[in-house]
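Two complexes, one shared chain (chain A), two partners (chain B, chain C).
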Partner chain A sequence: MSESILSIKDLNSYYGKSHVLQDVSININPLERVAILGRNGMGKSTLMKSILGLGGIRRDGNIYFNDENIIKKKTYEIARRGIAYVPQGRQLFSLLSVEEHLAIAYKPVKGGNGWTPKMVFDIFPEIGERKKISGTKLSGGEQQILAIGRALVKNPSLILMDEPSEGISTLVLERILGICHRLTKQGITLFLVEQNLGLALSVAQKVYILVNGRIVHEASAEEFNADKESQHNFLGI
Partner chain B sequence: MLSIAPNFGNTFIIIVLIRIMYYGLLTIAFSFLASQLGLFSLMVPVAFGVSGYTIAILETKNILIFPYSALVGIILALIISTFLGVMVNRSKGTYFLMLTLVLGQLAYAIALQWVSLTKGTTGITGVNRPYLLNIANLESNILFYYFILVVFIICIILLYVLINSSFGVKLRGVRESESRMIMLGYNTSLIKWVAFMVSSFVSSIGGIFFVYFIGVMNPDAISLNASVKVMIASIFGGINSIIGAIIGTGIIKIVEIVLSGITQRYLLIIGVMFLIVILLAPNGIMGIAERISKFGTRFFKKNSK
Partner chain C sequence: MLLMTFINGLTIAALLFIMAVGLNLSFGLLRIVNLTHGSFYLLGGYIGLYVYKATESWIFGIVAAGIVVAIIAFIEEFTLLRRVRGKPTLETLITLSLAIIISDLLIVIWGGNPKTIKIPELLKGYVTLFDANVPIYNIFIFCFACFICLTLWLILQKTKIGMIIRAGVDNFEITSTLGINIQLVFTLVFTAAGFLAGIGGAIGGTYLMVAPGEDWRILTYTLLVIIIGGMGSFGGTIVGSIIIGMIFSFGNVYVPQFSLFLMFAPVAITLVIRPKGLFGRITS
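What follows is the complex of A and B.
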């Protein structure tokens, strides 16, 4: 029995005939904050979708979540086991109000110390003031906040975040950063895909580098922050 | 308005209102799926037909009487819908429409060709209206009217409660994006199936009143023609609301009854009316009403300044 919360072993993912992820193995321990870095088109989002079994991706290999192999499970069953997803492009509903977004995602925790829609509205008054309007009528930053809030009220044990920094202001970004740090104290593990190196390194404790569908490098955030050569080699910075 | 109508004492009006209500239940069943899930089911009349035929067969063969026959009718309709629902709930859009068309036609073919059970095109005649709780003889049109009115209103209230509940929010979520709902941990096939069963239940209740009111059950009740009329009534009234479904059925049935006395080409006239509504008001009568009320508020605001 391993100690990790999420353990990906030799994962291969295919979109039709194109072989996107090749022998990807990743280990995430409980309460860790882990980031996947890589340039565009390296397969970062595919990795997130592969974990959840989303969007017509064929997968080989094993994915263990809390020691249970979930690769053959249906997406909704995986999500119910306690994995929340903040997708790229937010994926909100135009037919549902801000309030309803949180209501359908909300899973109360026994003992009552989990996230509630009210807590989300208190921390993010900008969406708290606009409870009744359609989710997609919010501004870009507010939509990102709602997408994160929607993941929080599910009270998951693991949150997958795909490019949370995309298209939002630094002010909002700083608050999202604050939330990310707070997650650890609340017993939530974070797995992040990010192009913004600064954000990734300030959130994550461990980073993996994905190049052309392969994990080519693994390091602690501190090591990678100091390692300018790897940054240049793998990310072209 | 519906509850005071019989005071006019005109049997003709009562008959028209009763017909509007049982066809209305069928249209509501269609409209519920169309408005909440965006699914156009051409097999909505199947549950209507199953409950109607079950009652007709059980009663004319002296096997069971009301209310047991009606109960068996509803249960059988729900059992058949269970399988139909599982068969269609993976599809959407045009595929859903085509699949329900095929399954609806299959049910029609069975009703038409299983002559030993359904008596084919002639249909089963001689279904008598029941005594309700041994007190009210529903042979009386007025008592029948009040009975269907009560059931009709209960059905509408139940649907309204459902649509405005948390389940209604989930339905809208599924309507917009199944994949997003799946991502949140919802079994969308199950949600769609439940909605389909609700629709079938309402439709099967319509079938009960239909067979008792006219006393005959024949395949015409579940023909493609019947499905299309339901769809037209629903779109005519406004596909996005239950009230629209009722108004649409009301108008179509009244026009049908009035015009069929004058000319045999009444369907042509309904067709032209439908075309005009589709072209000028895609959201149907309810859409027009909404526009008028919006205009009214704006007009009122302007004048009060």
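What follows is the complex of A and C.
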């Protein structure tokens, strides 16, 4: 028995013949905030999708969520075990109103101190004021907030967040940062994919670096923050 | 004459809507064009006829047609299509093969002679509207289609399952990351589409006829409706049905030699100016 909430062991992922992830192993402890860093096309999104069984990706290896191997499970079964997903590019539903995005995902928790749609609307009045319009009619930043809200009201124990900073203003970014820190107090573990080094380092406690589908480096956020050489080598900064 | 042609057009439109709405909804969700849909229609016609004769109840005939075809649709989805999900060529081949098998079986069982289902006593007769004698049965088909349309619209817009269907049409992968078993929703919608096709066949067979070839004819018209209206679009199905129904009716009366050409012309024009169809949202 391991301590970790999510443990990926020797994961290999393929799109058809193209071998995208190679022997990826990752450990995430409960309530930890972990980030994957890497440049464009290195396989970050493929990793997130591989955990959830999305995108027609063929996978070898093992993925343990709370000590249960989920690699052969269907997407909805994995999701029901308590994983929520904030996909890259938001991926909201054009046929659903803002309100319906939260209603369709909402899973009340017993005992009653989980996220509710109302809480999301209270914290983010900008989407609360536009409940009836289609989710894809919101501005970029508002869409990102709604995509995060959709994950929150599922009341998961782990959130997979893929590049939340993409195409949004620093103002919105700071509020997302706030939410990320708040997750830990609410008992939610965060697994984040980011290209924005600043955001990743201010959110995460631990970082992994992905280069061409391989994990090439692992460090605490503090270490990596100070390690300008690695930043240069792996991220070209 | 003009009014009567219009009313006939509306009746065909109503029938086409009952057929096309299910086909289009399952296309929106599963991205499959179910070529078995026309055979479902004709099978519904024969079942309706058979049960009507056996029980002397037209209503029983209609309901039986819906139920039997729904069961067959369920089996098709559950045992065959599920295994090849995401492989469009295989999916299309399966629906085509099954269509041919059902068509041939229907000829073996019921022969090649056209049959008609008699209009039940209650729906016989005419009402006079301006200068036209409008058959009550035409009015019935129209009202029935409106009822189906309204019911489906309410389900889609106002219920949880409707919300899930809309989300699935938009993006079924993200829908399943919300913990929703979208596969089950696929099966449900496919079965419901079969139910509507079966009912459509029995109701249509009472208005037109029940005969070999009707399956492919109705399938073709239904596909034209969807191409014009737009794949996966509910409103588009309504508009497409009316356009095709009217062209069919007016074409047959005024330029019968061109009526088939006239039906394909708007399709060609739509494909040129709006490839997704008038209200379409799905490109691939």
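As a convention for this text, the second predicted complex is superposed on the first by the 237 of 237 C-alpha atoms of A that agree within 3 Å, B and C clash if a C-alpha of one lies under 4 Å from a C-alpha of the other, contacts with A are read in each partner's own complex, and residues count from 1 in each chain.
By definition in this document, a contact is a pair of C-beta atoms (placed from the backbone, for glycine too) under 8 Å apart; a residue touches a chain by one contact, two chains touch by 3 or more.
Computed from a predicted structure; not experimentally measured.
Asks: Given the alignment on chain A, is it a clash or a fit between chain B and chain C?
Replies: clash
Asks: Taking the superposition on A as described, I'd like to know which of chain B and chain C A:K154 touches: first, second, both or neither.
Replies: both
Asks: Considering only the touch criterion stated at the top, classify A:G56 as touching first (chain B), second (chain C), both, or neither.
Replies: Second partner only.
Asks: Please indicate which partner A:T75 is in contact with in the superposed arrangement: first for chain B, second for chain C, both, or neither.
Replies: Both chain B and chain C are touched by A:T75.
Asks: Which holds for A:A105: it touches chain B only (first), chain C only (second), both, or neither?
Replies: Touch status of A:A105: both partners.
Asks: Taking the superposition as given, does A:S94 touch the first partner, chain B, the second, chain C, both, or neither?
Replies: Both partners.
Asks: Under the contact rule defined above, give the chain A residues that sit at the interface with chain B and also at the interface with chain C.
Replies: In the superposed arrangement, which is not itself an observed complex, chain A uses residues 52, 54-55, 74-76, 79-80, 85, 87, 91, 93-96, 100, 103-105, 150, 154 for both chain B and chain C.
Asks: Once bound in the complex, which stretches of chain A touch chain B?
Replies: Residue positions touching the partner: 52, 54-55, 74-76, 79-80, 85, 87, 91, 93-96, 100, 103-105, 150, 154.
Asks: Touching chain A in the complex: which residues of chain C?
Replies: Contact set of chain C toward chain A: 86, 160, 163-164, 166-167, 169-171, 173-183, 281.
Asks: Help me check something: in the complex, which residues belonging to chain A touch chain C?
Replies: Result: residues 52, 54-56, 74-76, 79-80, 84-85, 87, 91, 93-96, 100, 103-105, 107, 150, 154 of chain A touch chain C.
Asks: Where on chain B is chain A touching in the complex?
Replies: That would be residues 166, 169-170, 172-173, 175-177, 179-188 of chain B.
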